[in-house]
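After the structure tokens below, expect a handful of questions from me.
To keep things simple, chains are lettered A, B, C, D and E as they appear, and every chain counts its residues starting from 1.
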Amino acid sequence: MAWFKRSPWILHYNATSCNGCDTEVIVSLTPLYDLERFGIINTGNPKHADILAVTGSVNEKSVQALKNLYDQMPNPKVIMAVGLCAISGCVFQDCYNVMGGVDKVLPVDVYVPGCAARPEAIIDGVIMACEILEKKYAEWKKGRG
Amino acid sequence: MGEPQEIVPLGKNELMGVVARLYAEGYRLVQIGCNTLLAGYELNYSFDKDYRFKNLRITIAPGEEVPSISAIYQNSFLYENEIHDLFGIVVTNISVDYSGTLYRTSIKTPFSVDNVKLPEAPKQKKTEGP
Amino acid sequence: MNALIFLIIFPLFIAALALVLPAGNALRKTVGVIAGVVLSAVPIYLLIAYLDTGPVYFRVGSHLVNMVMLAVEVVIAAFIVYISLRSKRYLPIVLVAVQSLIMVTFELTAGGTMEIEHSLFVDKFSIIMALIIGIIGSAICLYGIGYIPEYHQHHKEIKERRRYFSFLIYLFLSAMFGIVFSNNLMWLYFFWEITTICSALLIGYRNDKQSIESSFRALNMNLLGGLVFAIGLVYLYNSSHIMELDKLIKLDRNLVLLPAVCMAFAGLVKSAQFPFSSWLTGAMVAPTPVSALLHSSTMVKAGVYIILRVAPALENTVAAKMLMFIGGVSFLITALMAISQSNAKKVLAYSTISNLGLIVACAGINTAAAVWSALLLIVFHAVAKSLLFLCVGIVEYKLDSRDIEDMDYLIMRLPKLTAVMMIGMAGMFLAPFGMIISKFVTLKAFVDTNPGMAIVLAYGSAATVFFWVKWMGKIMSIRHGEIEVVAHRVSRWEWFTLDVLAVSTVFVCLAFPLISSGVIDPYLTERFGNVPVPDFFNVMVTFFIMVGLLVLLPLGLFYFGFANKNYRRVATYLGGANIDNVTFEGAMASVQTIEMKNYYLQKYFGEDRLFNVGVIISLALLCVMFGVAFI
Amino acid sequence: MNSIYEAYQVLSMAERALVFLVLAPIAGGLLAGIDRKLSARLQGRYGPPVRQPFFDVLKLFQKERIVVNKFQNFNIILFFLFTACSGALFFAGADILLTVFGLALAGTFFILAGFSVGSPYSHLGAEREVIQMVSYEPMVILMAVGMYQATGSFKVADLVQYEAPLILYLPGIFLGFLYILTIKFRKSPFDLSMSHHAHQEIVRGITTEFSGPALALIEITHWYENVLLLGMVYLFFGFNPWIALVVSLATYLFEIFIDMNYARFKWQLTLASTWLFTAVAGISNIVVLSVMK
Amino acid sequence: MARKTIIPFGPQHPVLPEPIHFDLVMEDETVVDAIPSISYVHRGLERLIEKRDFVDFVHIADRICGLCSFMHSMGYCQAIEEIMGIEVPERALYLRTIWAELSRVHSHIFWLGAAADAFGFESLFMQSMRLREMVLDIFEATTGGRVILGVCKVGGVRRDIDSDALKGIVNRLAALKVNLEEISAVFINDYSIQHRLIGVGYISKEDAYALGCVGPMARASGLVMDMRSLGYAAYKYLDVEPMVESAGDCYARCLVRIREIFHSIDLVRQAAEKIPEGPFDLKVKGAPDGEYFSRIEQPRGEVIHYVKGNGSRFLQRFRVRVPTFSNIPAMIKALKGSGIADVPNIILTLDPCISCTER
């Protein structure tokens, strides 16, 4: 039995977000929404995390950081794009320094829409990410034999 | 309605003297901004004292160097580095010189004359007198 | 008896040979090896021969010997005057003049009539000391064979005086044997002075400004100790007409208190307790074998040896309490000061003073349990500390620095040496290795007699852990990726010594129940009539833990090194700014390599802050100690 | 009334150790769960289920093993072994000093683990952990000393059946021990070296580079450690097992309460205050005790 | 003797919600040097004026920053209105003031929480965030958005708040005030918080002025500088009083913000009382021709929206100078000599908004 559904830990990285989705990610961990009742913790450290929540579209500098963080996460891991910017670039997609959504550089598993994404949507996204984590764990385990 | 804003056009060479005088008078540096013109740049040095806003403006051609005022106003180094990185204007003698690494953008000097497409002014409909 | 005399004379003979034989000669090495074998074998023989007997005293026709000794003393005094004049330092001259005056007058007036029953003796304590001197001492001499040529390669500016060096080292060994076997206090005093001059000369080996400074500081302080020693002897003879160690401690308390305090004072100086600690830290300019031999394993132990010997005479007096407190203060404050040091040899020096302080405190308490732990501390400390000194000596040449902060990733650069070093460090502070066993018993002894000291021990041990752990952490941190292994040209002489000492460290840790029951317990029975019984269960548990560790460590290292492939290596977490595994993109697009430096908390534990505190407290305690003795 | 004690008596030393080894992680995990639930409630949140720590640990065991260097987990294993060992010794009724030293040894391995990975954050964490160790170690030793003074024995088995209430002899020591217990439980204001919430200047401190099974092992080790420490609290009230049990649990709740009510201290204040507190409460207690005896 | 260690602080670091990087050069635990490095959030939105006309651009101004989104749109609109000489209806000005002050309240409460988190006071963080939700509820009820309000437009505002709702807001704020008083008492009186904040990150009055500090950072150092005194929007009708402290350390910044929260609540109440009836927007014709530096007071301090137009629908130049940008030199100065434990406090008492800073 896999336990990822019971305790998914989040790492949050702000790629080029405007803060709106960031605060909503933080808010979803605090009293009114309290993600921790599902065992979800914001770890702040890639080595402990299961889910990488990215807010904001990516630019050339944040791609490097994002890739570093993703590489340092242990398998199985899931990427969650939070907010419109992370999905497509939102109003900033025409900016010269914006590469577009996170899926341009890393395989995104869960898209959480909204500008800014609402906490309810984020919770929903995390729960969805849990399912994917379990699936990925099964595949990863099979792959290792 | 709005606050009165004084914009003082200056020659590049006068800049340091005027800035030093403003410093002595107790003005604080509010910002340094830069505008791209069709062929050249317009630098705005904004100062404030007791809510009185004063803006110095110098105009330079592309490739022209600008002296740094960071010897007078220490906090100007960030603005000057920004202008250097975004507009490609060489600012000399910045106290903390990032030499082009403050903004590491995917295209170099995105606000330079070559990159910026200024909107055309609309056909002047004569609004004033005959 | 012959064995004892042999042990004293034989090193002299070797010393003479060392002076005569030309440097770089193969014969020298052979002589060195032979001397080493003999000097290690004879104490072992002594151990076996006297295993079941109590203290044995020997009578030696002494008048002629006394005269010879006096002559030598005068020569030494003249020599000290000469070198002091040469360096324009006058304090030593005054000290040595007063001292010689006292001794010559004394010898000429009372010497003729002095009746010495037993001049030499041997008991279990002497044998322990002899084993340390013989085995560790000769091992360090062998180390020196490999080390000194390299020393001169690195310090081209220093005049090559290899023969002089060996001469002094063997001379010193001889004197050390003399100290531990002498029952005649005049002899003891004579050997005592020889160690002083040897130490001072060896500290000044480099012959530059700093080392001459340190050398004279050591000389001054130890001469002061010697002077007080001499005064104590004269007083002793005048008041009670005895000149023997065994009789001294049996005498009436009132008569011997002052001489005993004087001798304890000399011991405090020699073991560099507060307020005299500065000479030992200064002595670290000497070549490493000197630091290892004189300043950690043997000579400073002579100081605590004499204190432990005279401790019975001080029993239950205020002076003993003061002794205990001086030891406690030295223990605590030097341990705290060691936190702020990054010079490896200085850390070792402070840790040495700290441990000696603990031994002095045990001597001050002078119960069976306290002495038991003091003896064990002497053994553990001698082995582990000399090992660490020698390791640092090698690291210093491989890395061109003796700074701990330069020892990053040492385990990758000098793997084998680091492994040996870790053994030494584990022996110094890690439960359940050596030191901690003794600390365990010390704590019990303290609580039983003086809970105040238990508090000092509690704080001091915490400080001890601090500086050891951060050093150990530094050398064992592993860097991502490959790192160049420093050319491993450590001579086989040096390796041999390190191996011997590393094995001994492990051995004494494992065999401490044997050492305790075989050697220390009989000694304690003679002296106290009872033996502290360390809880059998505890001993077994620590023993099992040690054995477990010895099995676990290699197995674990093997498993993680070779067997376990079930992992993925990733880069260090650097806030996402990694460029590769150990570098990150810093501000201004710079490429920064991660570098980790330890905390030294100079502001809180700095020498300038604590040293004076220690000196003032200990001076006050010393005053009380002498005051009590006079009254 | 004395059924706890009777149960304790019935078992042999080895059995007691075994019981500890089996039950402590369960108890410790539950305590951790209660901690999280209670903390959440105090913060106005619903909080995770009480079983959450077990889920976390089980999940961590399923994660991939990622390492910075291949030896890094060895120290963690030693940390685990020695903590469990000291706990087993303690509950078996062996020497309390042995337990204390064993715990210190385990702590040392944990610190070395932090040093060995060569990451700046875990390095800082390790340095701070050393400072913390220096802070609390004197008090732990004094606790053993005080108990010995009061009862004449270092043996836990003797201490636990000591008739008179130890707390009456050792009020100062108990207070001092409570103070350092906050450090040992890694609770605010003393969660300098690593905290369970990573929103700290040094990320997760020592554990920054440990993930998956190694992190799970660290977690379990802390459970062992917590139970052991509560066992030490128990000793102060050993005259009545029920009171002792209640007080131990109350202590844990008290620490949670403290955790909720303080910001993180800096190391300077941590070191100074613990040493001062140890000096005042612990030493005065010991001096008074030695005068009384 | 301690040697120097370099620590990469960020871009991803748990105490920083946003990516900024520092090379912290440390000795023991003391920071001897701190070099900031940005451009992890640089998007280049100022050049979007080429693609969006000046009316649409409000939406981008709204998204410069999530925490002070309303302030940015308001500042931008104000600049356009100044250039075009639009007389904005008074009711709109009042409504803008109300939303602006509510933004300040939620931003400051968020800051309180983040700061509490940085110095390890988790329950305080949670409680602060719980209270912040009350303000967000008001936003949601009046605009439909929680963080990005999208309610400001050139010539007025998009929605009205009727008088019943206004009364409701005032009542809810009164309830919030009661709760906040409890929390702020902890901030002000708790020993451990004082230990972490008092004397940390000290900036003298002279330094604050010379280094160009703005907002709470400047006011905490004793500078009386609050752009609301300029009397833009409806502030000219309200009693605005700059909150000034003199200590210049993190604690003073904390006090300034706490007092500002209460002051803002009071301003909302005043505005709700004085608000006139009337239209809340205006039809805008033409395009801006000219330039203006619009200065308003954000939660973080003085923000400048510079707009330059040449009469076409597309602007020639738009530039924001945000308070964080102006405060960075002072932060660097405060960081030097502090302990690493103080670093998060110092960074957070600046209330950094990196996405504003880099745009």
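Heads up, the rule we're going with is that a residue touches a chain if its C-beta (ideal position, glycine included) is under 8 Å from a C-beta of that chain, and two chains touch if they have at least 3 such contacts.
Being a predicted model, the structure only gives us computed values, none of them experimental.
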Please give the intersection of the contact partners of chain B with those of chain D. A, C, E
Return the chain label for which the distance between chain Cα mean and whole-protein Cα mean is smallest. D
Identify the chain pair with more contacting C-beta pairs: A-E or C-D. C-D
At the largest C-alpha centroid distance from chain A we find chain C
How many Å are there between the centre of chain C and the centre of chain E, using C-alpha atoms for each centre? 65
Cα centroid separation, chain A vs chain B, in Å, comes to 40
Taking each chain's centre as its mean C-alpha position, how far apart are chain A and chain C in Å? 60
Can you compute the centre-to-centre distance for chain B and chain C, using the mean CA position of each chain? Integer Å is fine. 71
Considering chain E alone, which of its residues make contact with at least two other chains? 5-6, 8, 11-14, 19, 29, 37, 39, 42, 44, 47, 126-127, 130
Sites on chain D at which at least two other chains make contact: 43-45, 64-66, 120-121, 123, 127, 197-199, 203, 208-209
Which chain C residues reach two or more other chains? 568, 570-571, 573-577, 585, 587-589, 594, 596, 598-599
All pairs of touching chains, each written as two labels joined by a dash: A-B, A-C, A-D, A-E, B-C, B-E, C-D, C-E, D-E
Given the complex, residues on chain D that touch chain C span 64-74, 77-78, 81, 85, 89, 94-95, 97-98, 101-102, 104-105, 108, 111-112, 114-121, 123, 126-127, 130-131, 133-135, 137-139, 141-142, 145, 148-149, 154, 203, 208-209, 268, 271, 275, 278, 282-283, 286-287, 289-290
Taking the complex as given, what residues does chain D use to touch chain A? 36, 40, 43-49, 52, 55-56, 58-59, 62-66, 197-199, 203-204, 207-212, 215
Of all residues in chain B, those that touch chain E in their complex: 1-3, 5, 7, 28-31, 33, 35-36, 44, 46, 51, 53, 55, 73-75, 77-78, 101-105, 110-111, 116-122, 124
Complex contacts: residues of chain C adjacent to chain D: 409, 430-432, 436, 440, 443-444, 447, 451-452, 454-455, 457-459, 461-463, 465-466, 469-470, 472-474, 476-480, 535, 537-538, 541-542, 545, 552, 556-557, 560-561, 564, 566-574, 581-582, 594, 596, 598-599, 604
Give every residue of chain D touching chain E within the complex, in rising order. 39, 42-45, 120-121, 123-124, 127, 188-189, 191-192, 195, 197-203, 260-267, 269
